[in-house]
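So, here's a batch of structures to check.
In the two complexes below, chain A is the common chain; its partner is chain B in one and chain C in the other.
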Partner chain A sequence: MDTLIAIAGLGIVVLLAEVINLRKFIVPITVAGLLAILAYSWNNFNGTESFYNNMIIVNKFSLAFSSLFIVLSIFLIAMGGDFYKEHPTKFSDYISIKLFMLSGAVAMVSFGNMAMFFLGIEVLSISLYILAGSDRLNVLSNESGMKYFLLGSFASGIILFGICLVYGATGYFDVPSIYGLSQGAGLPVWFPIGVTMIIIGMLFKIAAFPFHFWAPDVYEGAPSLVTATMSTLAKVVAVATLYKLASNLMVELDYKTQILIVVISILTMTVGNFMALKQHNVKRMLAFSGISHAGFMLMALLSIKTVAANLFYYTAAYALAGIAAFAVIIYVSRSGRDENISSFNGLGKKNPLMAAVLTASLLSMAGIPVFAGFFAKFMLFSQTIAAGYLVVVIFGVVNSIVSIGYYFKLILAMYTKEDNTTENNKVSLIYSIVAVLAIVLNIIIGVHPNLLTSLL
Partner chain B sequence: MNVTTILLIFLLGAVLTYVSGNKLASKIALGFSIMAALASFYLLQLYLANQNISFNGVWLQSPKVFLSLQADGISLAMVLLTTCLMPVIVLSSFGNIYNNAKSFYSLVLFMAFAMTGTFLATDGLVYYVFWELALIPIYFIALIWGNGSIESRKKAILKFFIYTLAGSLFMLIAFAYLYTKTGSFLWNDLVKLNLTSTEQTWIFLAFFLAYAIKIPIIPFHTWQAKVYQKAPTVGTMLLSGIMLKMGLYSVIRWQLPLAPLAAKTYMPYVLALSIAGVIYGSIVALKQKDLKKLLAYSSLAHVGLIAAGCYTLTQDGLSGAIAQMIAHGFVIVGLFFAAEVIYRRYDSYKIKDLGGIRSQTPKFSSLFLLLVLASVALPGTYNFVGEFTVLFSLYQINIWYAVFGGTTIILGAYYMLKMFQNVMLGETNTKAFADVNWTETFVFVVIIAFLLLYGLYPKPITDLVTPSVKEILTIINR
Partner chain C sequence: MNNILNEIGIENYIYLAVILFSIGVFGVLYRRNAIIVFMSIEIMLNAVNLLFVAFSTYHQDAEGQVFVFFSMAVAAAEVAVGLAILVSVFRNIGSIDIGKLKNLKG
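Now for the complex of A and B:
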């Protein structure tokens, strides 16, 4: 609870800092503040607690995921310092919107009441709509913001409708009470309909097939740092929330639902992967790769009772690799290039460090050992095998192989193609720092997965 | 002192080589590979004196994974093969100049680290991690420092990467499945499982996919020739000398003991495939116009026979296969080095550009001839010991396997000697051929000395390997 208030408070501090002319210190203050909040929430955690009549429930799950979100935000905001320096007057707005978004994210994993859940998702989404359209003189950014807003608010509407139906069926917004009622038989038919609608809305947010069509355009059009936010933080939040909802609204997924999840999961990873193979724009490619990762994460719903730790690990591995990759992509685009794969030609020679980081993060996403992505996939796979769904795992493996095709396209461009252009703008060091830190964290948890899995 | 020492030497070597800079890199790498070789001989002495040289540690609590590295006769033989070949391979590259040499040698040592780990790991997941880890350095070695235009090699190498990764991912599923059965990845626990024959079939097939691609057994060999041709010679040596032995070793260590029933059921098919590889490889080798590709296909033929030896599930088959792995490891490294020596002088691997070298350099010519003869398993070389034992084991199963497998000797002699004739003999080549220098001679002499020494006196290796082979056979026949 304190975490949530502190983050929102920090956002207001950032806005005030602008007023009293402390613009230079915004990024350091925010990063230090977030680190302090992180330390504070770990020190003050003593078991499951609920606040304001169950509006917020703090437990291990929410704490672990909130910490992950805070770490990701620290990386994203640290890069923001340089990224937004061309817009000095809007600087504090961008940073504070990111902080408000983080507060929405924290609310989404620690809600104890459907109203709080909806508040969280709206705070997160509205912040993202603004950020996606924040490069307002760029047509693509406008398109991105508009598309995201129209489709996203539609999905929010569906979620709200679902919440109403659940309320109509049970008489509660309170999640523990709904959970209690869902165990007994005799709920009216609109209870499952409501749950389904909520889940459909969430599938939209994580860009799962067949609700994924918004993702590529929105990712491509949005400013790179916002794309980084959407594909790491926002995706991880949505997946965690989906998991929390599914495990809290239904005691057990019935057979039909499980088959449905199997189908959606397989289609999501396959469609994402095969579309990614064709892309020339790195942001679009990573958008589709993100879709396929959403498919992997959906596998978690098949063994819903025991999978929380593995899902947490997967999301952390995926998000850290994503941050590292985007740090390099932003680095390249800041040195005066576009985001096509050809822009990465010769990076292996020009900047071996950044090329190595990008290679490592792509290998992590592809699931090659020592990088966290390997254990993430492995644990999810073995969990799913134990739940009896070997078919999904086999599709998952085939998809991992396909994904090599496009991840290596980028690696090949970096190491085998020659670069003919000579332009070389000075780029801030912060991107290299973030990239290296993120990939080092990724390797640390890759070598020692228990650091994370023991948290839950 | 235990087996982790070798791993640490290689890992530290990889780091220090990178730090030391481009000028010193090759020497530092050589120093560390010699250190690793010495360490492995010391460990061998400890092992023979019945001291404990294994290492056990906990890596992960859940899933339960142990950092368990154990050496028995077979794995120690393979580790020795790696550590003995590494100095030779590094030394063989001394005549070449590589851009960014520090990265190159660092990757080479890192690969040695991963391969040694693969041979030692007795925890399935740790083994898998090492197995995959070996793939990344060779990918970059072949990609960045390879021969020919980069466009032509990147396709071949990506294909190799995807093939091997695809195969091993199915192995990973098999391990995950076994883990759900036992709650452990330890070899000791896994071999005690009583799996039904259907389960064993699937496990066997999953492992087979991984190993058949790595070894390679036809029809999974299509990546091989191109990659051998395109990789720099050091990469080709690592691939053919050590890395494909990872696949063969894994058959003996993991596939057969974990799925013995299936191994017995599918023995005829697997043997037929392996022997088909022998014949196919030999015939295709006859037609090759590129020296490296010819050697690649000859390697395909030889490993086919080794694989056949493994799958016979007999004492002779397994120990013959291990002997042949070691012999083939040395001889193929020597042959590829001979190709490299020629390439350094003539800048070509095309057989039609060569010929008429013998009269200019009798020394090199005789060394090369000795290697060719070893490769066709002339009695007196260690290759003969291996090949003969394997053929004998095939004969025990069914005489026809031995007959078709035996064609390797006839066809092998034919294409190797024909190659030697086209490359070395004939009218004196118009291009001058500088005589081999002392590092090159030294590399050849080491390899040939090894093959002759153990060809005449194979007992030490046999004594080392036999008890462990017996142990594995009792597990297979449980």
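Now for the complex of A and C:
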């Protein structure tokens, strides 16, 4: 609870800092504040607690995911200091919108009431619409913001209808009460319809097949830092929320639901991977890669009772690799190039460190050992086999192999292709620092998986 | 109040809300004018608000009506952001036809 209030308060502090001419200190203040909030919420955690009539329920799940979101936000905001330096007057707005978005994200994993869930998802989405369209003189950014807004509010409408039907069937917005009622028989038919609509709305938000078509356009058009936010933070938030909702609303997965999850998971992985194979724009490629990762994460719903720790590990591994990869992509685009794969030609010679970080993060996403991505996939697969869904795992393994195809396209461009253009724009050091830190964290949790899995 | 609800029946409220919601959905999917798309999204959200109020009376529980305030506030904020994006789209391409937003493909 205090975490949520403190993050929202920090956003207001950032806005005030602009008023009293402390623009230079906004990023240090925010990063220090977020670190303090992180330490505070771990120190003050003593078991499951609920606040304000069950509006917010703080437990290990919400604490672990909130911490992950805060860490990701620290990286994203640290990069924001340099990324937005051409727009000094709007600087505090961008940072505070990111903080308000983070507060929405925390509300989404610690809700105890449907009202809190809905407000959280809307705060997160509305902030992202603004950020996606924030480069307002650029037609591509406008288009991206518009598409995201239309699809996002469409999905919000579906989620709202779902919440309404669940309320109509049970008479409660309170999640523990709904959980209690859903175990007994005799609920009206609106209840399963409502749950299905909420889940469909969430599938829109995590960009799972067949609701994935908006993601590549939005990711490509948005400013790179916003794409990084959407593909790491927003995706992880949506997956965690979907898991929490499903474990609270679908008590027993009946056979039809299981089949549905299996099919959606397999199709999401496959479609994402095969579309990614033919992309030339790196942001678009990573968008499709994110879709296929959403498919892997959906696999977690099949063994819903026991999978929380593995899902947390997978999301952390994916998001840290994503942050590192996007830090390098922003670095390259800041040095005066576009985001096509050909822009990465010869990066291995010009800047070996950044090339190595990008290689490592792509290998982590592909699932090569030492990096966290491998252990994440390994644990998720073995859990799914134990639950008895061998066919999903077979598709998962095949898809991991396919995904190496497009990840290596980028790696080969960096190390084997020559680049004759010379431009020496000075790029801020912060991107290198963030990239290295993120990939080091990724390797640390790869070597010691129980650092994270023991949290849940 | 309760009598009226009993006479009409909660099902009819659900049918009405579903019809309004579907009108909104088809508006979003088939209309190309951005303002009309925004209106369709509003119809979707307001259909749900109507159903919330009906369920609130059905359960004799005020929570549903309180939720409507949240969802109205959220819808207002959402449309404000949407209109701001629309203004910058109009400044750049001089049209509010969302069919003309076709630069991102692949």
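To be clear about the criterion, the second predicted complex is superposed on the first by the 456 of 456 C-alpha atoms of A that agree within 3 Å, B and C clash if a C-alpha of one lies under 4 Å from a C-alpha of the other, contacts with A are read in each partner's own complex, and residues count from 1 in each chain.
Methods note: contacts are C-beta pairs under 8 Å (C-beta built on N, C-alpha and C of every residue); 3 or more make two chains touch, one makes a residue touch a chain.
All values derive from a computational prediction rather than experimental measurement.
Undergrad: Between chain B (first) and chain C (second), which does A:L140 come into contact with in this model arrangement: first, second, both, or neither?
TA: A:L140 sits against chain C, while chain B stays out of touch.
Undergrad: Looking at chain A, does chain C or chain B touch more of its residues?
TA: Between chain B and chain C, C touches the greater number of residues in chain A.
Undergrad: For A:L456, is the partner it touches chain B (first), chain C (second), both, or none of the two (neither)?
TA: neither
Undergrad: Contacts for A:V397 in the overlay, against chain B (first) and chain C (second): which applies, first, second, both or neither?
TA: first
Undergrad: A:I443 contacts which: chain B (first), chain C (second), both, neither?
TA: So A:I443 meets neither chain B nor chain C here.
Undergrad: Of the partners chain B and chain C, which touch A:L412 in the superposed model: first, second, both, neither?
TA: Touch status of A:L412: first partner only.
Undergrad: Which positions of chain A sit in both the chain B and the chain C interface?
TA: none
Undergrad: For the complex, which residues does chain B have touching chain A?
TA: 60-63, 125, 128-129, 132-133, 135-136, 140, 143-144, 150-151, 154, 158, 161-162, 165-166, 169-170, 172-173, 176-177, 179-180
Undergrad: Hey, which residues of chain A end up touching chain C in the complex?
TA: 114-115, 118-119, 122, 125-126, 129-130, 133, 136-137, 139-140, 142-147, 149-150, 153-154, 156-157, 160-161, 163-165, 167-168, 171-173, 190, 216-217, 220-221, 279-281, 284
Undergrad: Per the contact definition, I'd like the list of chain A residues that touch chain B in the complex.
TA: Against chain B, the touching part of chain A is residues 309, 348, 363, 368-370, 374, 378-379, 381-382, 385-386, 390, 393-394, 397, 400-401, 404-405, 408, 412, 415-416, 448-450, 453-454.
Undergrad: Please output the residues of chain C touching chain A within their complex, sorted ascending.
TA: Contact set of chain C toward chain A: 10, 14, 17, 21, 24-25, 28, 34, 37, 41, 44-45, 47-48, 51-52, 55, 58-59, 61, 63-64, 66-67, 70-71, 74, 77-78, 81-82, 84-86, 88-89, 91-93, 98, 101, 103-106.
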